[in-house]
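Below, each structure is written out as structure tokens.
Look for chain A in each of the two complexes below; its partner is chain B in the first and chain C in the second.
Let's look at the complex of A and B:
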């Protein structure tokens, strides 16, 4: 256990921060949110298995379907023999169109049957004759990326390097897809989506119904991380087609292999850079050339370096997306940022080593504002940066390293709508169609309503995740809470005002005479009625407040992360020990869900830094690890002690939280490994083979 | 089945005939304390039988190959990935799913934030409940090591381990 006697300056915090503190008792964060103690409103449903996800909508008489997919990176489907497959008991239909495919996992048709067993057996019984073609499987198959030439004439130090990051797949535990139940003149769509309303609007004519004649439902979503944005996707489009044709509910969910191959990813990147600095650490010139590996897509491979979080003078940037035979990218939690931050943070640490500077001092100097500098100072104390040894100075087998990275994110609200109804029995209902992908939308909406009205949260029920509710934003770009929180608070305030107007009319008072505190209605500051008795005076259908917010409301959030690792120099294995994740996100609504988001971002960043890699066979272009066995994600035994620090200094408004905590982690981890072993590992993931070869390079 | 179907998970090229697989196997087993009698296809997975035929969708499919643990159930009092078990193999066994765990005992897991999106959570809770019922294993294993078969993609494992510590009353979670 690491002890620290740092006295935090955060408002309301205690004077001693125990670093080995459990999740339920983070004294540093107490008092930093609107609600420190509430647990998820849907936590019981999730923990007991009662929560119904789209993949759990097992409707009577449903049919099951899956896509038939190309098993190679490039191949022509020449002939199809489905005679054996059609004889499989329970098979309803098979539709396959021979065509040329350009990536592993590309659909060429589908099988639909009475049960999942029959679908799988029919897929196995298909005789498909594929003629393989040559493939390209990486950026480097097309681009020769070498060290860039050039340097600033007045530079004291110039560094040159090439960095790369692999493809990371979203790996949400619930896969893509859903259920369509078409009843002729009406339909219900159970979608696993990050955008209830984009699914509704994205069907076009596919359901042969007006948007008002079908409902999209997604009360629970088993993760998305960006991959479930956009419209219905090919899975729900297939379900829509089959449900209409067969007049039965149609169930289409991807399996894990399909999920890796064809539901998007974080694109790979290669970054070549030269950077010139003066002795004092100021950057006087440079050039950054980045490439994004976008598979069969034509774009979407941006690599955010320089990030704009550090002051770089005269650094030119160019970028090119490179296509090859693989599934294309989709938005993935802070698109383009983690890959850029990896290159940027490690590049700065390499520059600091050349200059003989402490990398923290260099980053502190170059950070664009004082918020970052304050966060860096605070985090350095919490992680124990003073114990950091000079790069490569350790000779023991187990070597300790420290690294730091910074993050930023701006979220522009796309606008949204909300309603709050106060019923005569005193219950209060919050309504917004926006979905909860795990972030805590249901809980934060309840807290906002209760807080705005002045009643206990237990009186509020929250309805979300239905297209029949007031439209809200998609859960992407960290815009959900910044949009829905103020909207819901406005709606709640309006509903409360309407209640006051009813009370005022009945008693000959002014609505402005009333207020509510702790569930008691006060008139001119004196107790007037209990909440329940006051609501009993409402008409039978209660009163409703509704609010909408337009576009805009852009607000930046910032963060810094410190990583402490131990590297075993005999095996090359990295053991992250401790992560300090300081994060601003404006006004925090719910402490526990906010902390959960930060920890989750750090975990995904560490997992990206250490393990995750979509590996394609370079001869046939097939993914060799389309599972969770060889596509490894971080598990409980690899997890360090992660301390989320909610930074609420003078913050107002609700700002972005989903994306920023995953931006700096892999970069900070790479810097920590560099510090421990004295040689940079410039290519993610930081697997033992790369650590050992970097060590060998450092020795020679 | 033999080698004819032992192909990749994509499996498009098999020549497997279904002729020998038309039959079903009638089995009996105990499910959450009740006797169940059901005829199953020999290739039917226990996870699918539970979800699609016995109306118990609490067990989730995360990976379908025994890595993520979202489908964890107990079979004769041992945790198992139900996606890896052909249903006919539980003939005569005692199977328990997430639906059998009393909700009143789960408060600590709720308070520590052991869940985010929730898709991994039922499997986590089944494993956790097994550890609680067999706490002697903590003499030789840390909670973290015992939970290593359950993957979470959203917020990881601190909330789970902390919840378990409170639930079991064992303070040694094995934090690294």
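Let's look at the complex of A and C:
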């Protein structure tokens, strides 16, 4: 058993004592988690269908609407004949504005009807006359990206290469949209969102109601990954407009094709680099030119290389966003990072090969601090790096490769509010309006409350995902738990103190005499009352603690990932076998949900590395795979054994965990493939044909 | 959409005789997947065969296995004898979609749908199956390798329905099925291969490939190479025969070059050592 190291604490919480923990895998240096194995409080509701997502809100008397969208990358809508569509039974209204469109999926109007079937029939019956225009569909349609010239005069080795990554579209299980139920003077908005309060504040005049006259509800969200930040979005704005006009609930949810086309994506990237190194592995100069493929947007295509996680001396960086005829980007789990990490990790492995160094030794040398070095050492043992063979030295059909990448993420806490109410019957309510996008927010809020007060989790009821609750942060930038956990613990501690004050007043004691342990109230260390009996002494409305801040602690998130693959050199198919994902994230609230986050990040990273790719028709700019049949995502059969390793290392407080675990995966995967076959595959996704081409190139 | 629901095979054949543009429907697994995209399909008339349970049969005789037209992949997966006598049926059935698809999708539907990527057809062809086509005027039998005439075209007349698939019971000393897809499950085939060798003297090879031509294709040139015992020392030695047998294309799933290359490698590595000529 590995001994624990530093036990980060949350200010206001109980004293935490590091312990060895029973485990099925390998927590390293991990301080005691508040909770080890609690399954999500809403898990049963979710798998039985009792949990109602916004897309489940089929309200009585609702109308349904969908956008009319441009089918081409560039086209002018010249004439509209909606006469047949208006005759479809159930159609209420059609609004279409002829205009010039610049991407596939761009809305030009909408159809509203009594049922989804009627909407679809009307869309089919529309006669739209489009005049197609020429299109550009990629960075390379605009930019000729070649190898950069230059090298450092004192270099022993200089590598030059161009790397590229595709557009990764958002594929949340629940698509974008929601339902607005406008009753004239009041309204309820059922939103699939990552920002309950940004939706509330983003309607402007669309509802013609004060913020206090409508409530945004999103108790359950079927994933977001960044794409559901930033206000109501066009879907909810349309629903608001229709509901207000018709005084009926209006349901507007994207279908899967619309989701691929017009709800944002991780932009494509091209990275051209030269990098000069000395024989000892030190980087002495270089240049990195990155391009971000942002579709019709004007920005948002950042590609994070150099990442700052390695020491690069005298490396200049420039970046340019390139626009073309496709839907634009939105935030996507660690924006800019995985594409940058892919180029950075693979370029270092290529440099190591040129130098005749072990890439692990090179990365260990260049890593900016000892935390990474310790993680690299530990991860190397766990993956079995000692079994790694030299690049290209294997001759069998099935070749094994090892790769490694590192990740980092900053610390931020935008602020939020929380309330905890202790009721006279002993029940405890914790409230924050922040939504749960699938990460386990409801569960962690309950654990924080129970842990701060000293009662079992079963006594706590958690209310989240409503704008009538205390405002909380949007779920972006991995700030939700770092913000809400200390705030909720602070509120719970305050509520507990108020309970103690009531008990002290009634018995002539001091509030400081009381504590709670395992649901029993102690006075000066001796059993005093059961929790229920103590709470019975509260006034009818109980006591409430509220907080808008908490001690967020210090330190950032860091991680390393090791990937082991087997590559079939006859078919080019890559079989990931084992991933070690070491991740520091400060104080762990619930180990099971924390590990789940890491595993999810790795899965999404492997999927990005091996499969995901928005393919646009070069002639007309239409997406040819706007579904989950042709837009492939990693399936269960491709998933390797993924070992999350939680690592506490000097941080205090709850730290980011949502985004960092997906940063290094594709890069580490590409390094592992390079190791196995002896030739780098520089363009994601790592499809079998590219693997075979790289092998052919290596042979020739 | 219009759906006709016959109560018997005879009634179904009556419908077919009256309406030549009817589309027979068994598991509907292909139709439903593409339903949202193919709006033009919505106005067609479908002949739903689901009530004809007399066609959902697995019949073993002394000389053959007969699958009724509504027999699903799952039915064969559950059959106690199929694994020993026709292991390739089991291997391919397990790789068709997921369990939901396997329990609705039918072998006959896989044939009738005519996709060049059909996973059930290569193994049936490698086992020399034949198709029973029934109309008001009777039933005729067509060898499966003669069934297709072009991309999604076949010898089936519009008044005929596939009523059964018959597979002769023979002894094989070699049988293999490969499916190469983007993923190991829930993926359409990029290149597939089914091969059998009858143990009778002289041995008869059957080599069938899918996703490399307009139809699932029996590869005569490769078979000739094997029957002739031509020496094969590397995958590229199959290149000429492959070029003669198949015509793969570049599409969303793969490239023609990848398909040809991997087909040669699958052939070589499957057959290496099986025949003295291939080493």
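Assume the second predicted complex is superposed on the first by the 659 of 700 C-alpha atoms of A that agree within 3 Å, B and C clash if a C-alpha of one lies under 4 Å from a C-alpha of the other, contacts with A are read in each partner's own complex, and residues count from 1 in each chain.
Criterion: a residue touches a chain if its C-beta (ideal position, glycine included) is under 8 Å from a C-beta of that chain, and two chains touch if they have at least 3 such contacts.
Quick caveat, the model's predicted, so the values are computed rather than measured.
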Chain A: partner with more touched residues, chain B or chain C: B
First, second, both or neither for A:609, with chain B first and chain C second: neither
Chain B versus chain C as contact partner of A:172, first or second or both or neither: first
Partner chain(s) touched by A:255 [first = chain B, second = chain C, both, neither]: both
Contacts of A:306 with chain B and chain C, given as first, second, both or neither: neither
Partner chain in contact with A:640 - chain B first, chain C second, else both or neither: first
First, second, both or neither for A:597, with chain B first and chain C second: first
Partner chain in contact with A:570 - chain B first, chain C second, else both or neither: second
Contacts of A:692 with chain B and chain C, given as first, second, both or neither: second
Which of chain B and chain C A:405 touches, first, second, both or neither: neither
Residues of chain A that lie at the interface with chain B and also at the interface with chain C: 124, 255, 257, 627, 629, 634-637
Residue ranges of chain B touching chain A (in the complex, touch as defined): 5, 7-18, 21-22, 41, 43-44, 48, 51-52, 55, 57-65, 67-68, 70, 97-99, 101, 103, 106, 109-122, 125, 144-145, 147-148, 150-162, 165-166, 175-176
Residue numbers on chain A that touch chain C, as the complex places them: 124, 255, 257, 397, 570-573, 611, 615, 624-625, 627, 629-630, 632, 634-638, 687-689, 692
Touch list for chain A against partner chain B, complex: 20, 22-24, 39-40, 42-53, 55-56, 58, 68-69, 71, 84, 87-89, 115-117, 120-121, 123-128, 171-175, 220-223, 225, 255-257, 437-440, 575, 577, 592-593, 595-597, 599-600, 603-604, 626-629, 633-637, 639-642
Complex contacts: residues of chain C adjacent to chain A: 33, 36-37, 39, 42, 180, 182-188, 190, 235, 252-255, 257-258, 261-262, 265-266, 269
